[in-house]
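There are two complexes below, and they share subunit A, which is joined by subunit B in the first and by subunit C in the second.
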Partner chain A sequence: MEKEKAMELKQILKTRLNRPMRYYIDTCTRCGLCYDTCHAFQGIPKKEYSPVGRAEVVRKLYKKYTRPGGFIFPYGTDATKFSDTVMDQLYEAAWSCTGCRRCAVNCPFGIDTGQMMGVAKHLLIANGTAPEELVMLADAAVEKGKSIDQFKEGYRNVIRDLEKEVQRKLSLPASDGLIPMEKKDATILYVGLAGAHSIVNPAIIFNAAKENWTLSFFEAVNFGFFAGDPAKANFIAQRIIKEATALNVKEVVVVECGTAFRILRALMGKLPFKVTSIVELIHRYLKEGRIKLKEGAVSDAVTYHDPCQLGRNGGVYDEPREVIRKIVTDYREMSPTREQNWCCGGGGGLVALDNEEFRIKTGKPKKEQIVATGAKIVVTACENCVSQLKTIQSGYGLDVEVKYLTELVCENIIV
Partner chain B sequence: MSDAIKPDVTMDLKGLACPMPVVKVSQQIKKMQIGQILAAETTDPGAHADFPAWAKSTGNEILSTDKKDTVTTFYIKKLK
Partner chain C sequence: MWSKIFYFAMVPMVYAAFAVLIGGLLFKLGVVFFSKKFPGSLATYPKRLPRPVGVAAEAFAVPAAWKKDKVFWVFIIAYHAAFVLLFIGHLELIREFKVLQIIPHDVFLGAGSVGIILIISVLYFLFRRFKSPWREISVPEDFLILILLFLTMLIGSHLHLSARYYAGGGAFDIPVGAYREYLSNLVAFKPVVPSGIADSPHYVLVVLHVFLANLVLMMFPFTKMVHMAFAFLSLNLRRK
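So, the complex of A and B:
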């Protein structure tokens, strides 16, 4: 590694290792409790796939560059300097972690390895060795933000087709305006994803509730955040914030995407609008009597998978369960559940990488949880989780169907 | 226009979850020679903004799009 690159990385390391992170590094006693909390280690029991094993790579760099002992007597300590080998170790550490934060919840000191892996990802971006797929997706999202006016017409045209689907489902005489776009002063700006399911099902729910809403031109998912690039992550999130502000909406409702929800709700500071998950909104509509569901319509055993960014890191536990319990007669809770729920193994951008074999192995705790419930349907509320649960389902040959919560709701909505 | 285009590779991306359509296109285009054409069939409405943005950011060219019912085929020429 060239000296200039090492210097650049050293600066990023020192800037990013803020006080909480230095506390994490200094406090860890290597008790090893986190070994048992990490789905990756449960699937592949190697130290480098444990939270403490991942943090060790950052800790050794921290010792080298911020501790006098590590700088003056590096051979007397385990301090390491930046090198290609260390960067490879950082890659292995960062890209085997989904950022689920189950380790942080269980660590006696609350050490947040996910945050430390954010530092590792930033270093990999600066080194030019971050996953190409995620860098490419982040670049495309940034370009979309810069040139959105060029793409609006094509997007509008295809949304017209989706309006016809909504019209059919709701048995309405006309399709015009069922998916409004660029509607100034709408109450809600809904931010979906690329797939039709992420727009059609919420549109059915919004129309059934007679909501004053409008659809965003942007996708909710933030590939800059997944890649670990703070500048791109901020730009990508700001696209939505600027759109919502320009339209003067009161609330931004986020698609079933845990990371998108967490970023807008918790990581972007004070915003001039409320941020809500579509899951919370469905629950609110039910409470207010704005939508009605076929109660007890599903007799198959159903379980719910808490997306980590919606549940453990977002606090949305009760709303999806109450919606599901309205529709199903045989709801079965996974064990452990809620804040102790196992990550599916696909979060943090891992599902976009060419790593299916790894994800099947590290999805083992989730597979065992699903099997133990005996459920025939697994419902969840995150695009990444759905993809990964389908990978687990096919990888282990499970006899279960994986569904979005919005899908279950739309199959059982009374129109 | 698309009737005259003879793609070198055709990919079926219909029904893939986010973000796989763009990821698969990007992976495939890397394997191809400069000047070759990829036909990517997708049902994602978001692809109508995402594919052109991806092409612009990677320096490739979308020659044309062909929409039949819910399926759109993007004809992408590898330039880089």
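So, the complex of A and C:
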């Protein structure tokens, strides 16, 4: 590795040395309690896929460049310099981690390996060895944010077609205004994804609840965050924040995308509006009697997969279960569940990469959980999870159907 | 020459060790508090207890270890509880604290069991690292610290047990009064190594014990032992 490149990487390493990172570097005792808490390790049992194995790659760099001990006596802590080998190790560590934070829950010190992998991803971008797919998707999202006016008309045309689908489902005489856009002072700004399902199903629910809402021009997904580029991640999130502020909405409702929800709810600091997941909103509508569901309409065995960013990292556990229990007669809980639920293996941007074989292997604990429930339908509330669960389903030949929670709700909504 | 080396370990190095320990900890905490805060929340859910209670429960009861490895948990709790008693015992070697005599006892509390618990626990932590997968995730620092703690505690325990149970008919006894004279004078910055210690056949072991303890104290802020302070801060982040 060239000296200039190593200097550049060293600089990034130092700029990422914030307060949590200082705790995570110095506190780990390598007790090993996290060792097998990662789904990737369960699927492919090697040290490099254990949380401590991953974190140590970053930690050893910090020891080398920011700790006197690492400079004076590097052998003591295995402090390591930047090299091509280390960058390969960083790649393997960062791009096998979904940022599910199951390890953080099981660490006696609460060390968040996901945060440390954020540093690893940032270093890989600077080194030019980050996954190209994600970097390009992040760039496209940034470009859209910079020149949104060019996209607006084309997007409106797409939405007009989707409004007709909503009209059909709700048996309404006209489709105009069923998916409002740029509506100032709306109560809710809904942020969807590129897929039609992420707009049509929520639009059905909003209209059924007679909500005063408007659709965002942007997708909720944050490829900058997935890629590990903090500047792009912030820009992509700020697009939505600026839009919500300009429209003066009271609440931003995020599509079934765990990471997008967590970024806006937990990682952007204090915002002038409330951030809610569509799952929480559906639950609220049910409680308030604003929508009605066909109770007990589904007799097949159903289980729910907690998306990590919604459950473990967002605290949304009970709402989806209560909604599902209204519709289904045979609900089965996975084991382990809630904060100890296994990650599906598709988060953190992994599902967007060409790594299907790896994801099938690392999806093994999830496969075993699903099989153990005996469920015929797996419901979840995250785009990445749905994609990954479908990969697991086809990879292991499981006789199950994977559904979005909004899909299940729309199939059973009384209009 | 040996008397000079012994004196160095017993007096100037002790001051240096405490200066490094206190200065190092203050420096580390200062750097942390002046470093960039995380703008959002790193919480995990559910948060079953209020933040301070939850942090204390996780730090002192270590439920993460209880769920995963009960034998390891027993040794973690035994080691840390014994370490607190060890600290109290050393305070009582400086002077008598009436409040600590609520339960009347000779110095140290535990009649020698504290040192033995510490030694067994440290040996468990050490041998655990010889086994896979802990062997693969260990770095030299992990072994070095445990060996250093083992030697310090072994010698300290030997000194205590031989004095308490009159090993060798009392020939190896260094009375508590001699330690109190030595340590209270150190605290008062009027250092002296009393004859009760310097003339004992055990003097070399006392020097070794103090020397190794000095090394442990100096390493404290700059190694993973700093988890004693950072664990609370790190656990607090997960509940913020």
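Please note the rule applied: the second predicted complex is superposed on the first by the 408 of 415 C-alpha atoms of A that agree within 3 Å, B and C clash if a C-alpha of one lies under 4 Å from a C-alpha of the other, contacts with A are read in each partner's own complex, and residues count from 1 in each chain.
As a working rule, a contact is a pair of C-beta atoms (placed from the backbone, for glycine too) under 8 Å apart; a residue touches a chain by one contact, two chains touch by 3 or more.
Please read these numbers as outputs of a predicted model, since none were measured by experiment.
After superposition on subunit A, the partners subunit B and subunit C are seen to fit next to each other with no clash. When the two complexes are overlaid on their common chain A, residue A:128 makes contact with neither subunit B nor subunit C. Contacts of A:374 after superposition: neither subunit B nor subunit C is touched.
Using the contact criterion defined above for the overlaid structures, shared-chain residue A:78 touches subunit C, although it does not reach subunit B. Of the two partner chains placed by the overlay, neither subunit B nor subunit C lies in contact with A:272. For subunit A, the partner with contacts to more residues, out of subunit B and subunit C, is C. Shared-chain residue A:296: touches no atom of subunit B or subunit C. Of the two partner chains, subunit C is the only one touched by A:50; subunit B is not. Applying the stated contact rule after C-alpha superposition, one finds that A:106 touches subunit C and leaves subunit B untouched.
Once chain A of one complex is fitted onto chain A of the other, the partner contacts of A:177 are absent, as it touches neither subunit B nor subunit C.
When the two structures are aligned on their common chain, the gap between the nearest CA atoms of subunit B and subunit C comes to 26 Å. When the two complexes are superposed on chain A, none of the residues of subunit A touches both subunit B and subunit C. Of all the residues in subunit A, the ones that touch subunit C in their complex are 17-20, 22-24, 26-33, 35, 47, 50, 52-53, 56, 67-69, 75-78, 101, 104-112, 115, 266-269, 311-315, 317, 338-339.
Per the touch definition, subunit A reaches subunit B in the complex via residues 132-133, 136-137, 139-144, 147-148, 150-152, 154-155, 157-159, 161-162, 192-196, 198-199, 217, 219, 221, 223, 257, 352, 354, 383, 386-387.
On subunit C, the positions that touch subunit A within their shared complex are 28, 31-33, 35-47, 58, 62, 64-65, 67-69, 72, 133-134, 136-142, 144, 222-224, 226-227, 230-231, 233-235, 237-238.
The touching residues of subunit B, counted against subunit A in their complex, run 16-23, 26-27, 43-50, 52-54, 56-58, 65, 67, 69-70, 72.
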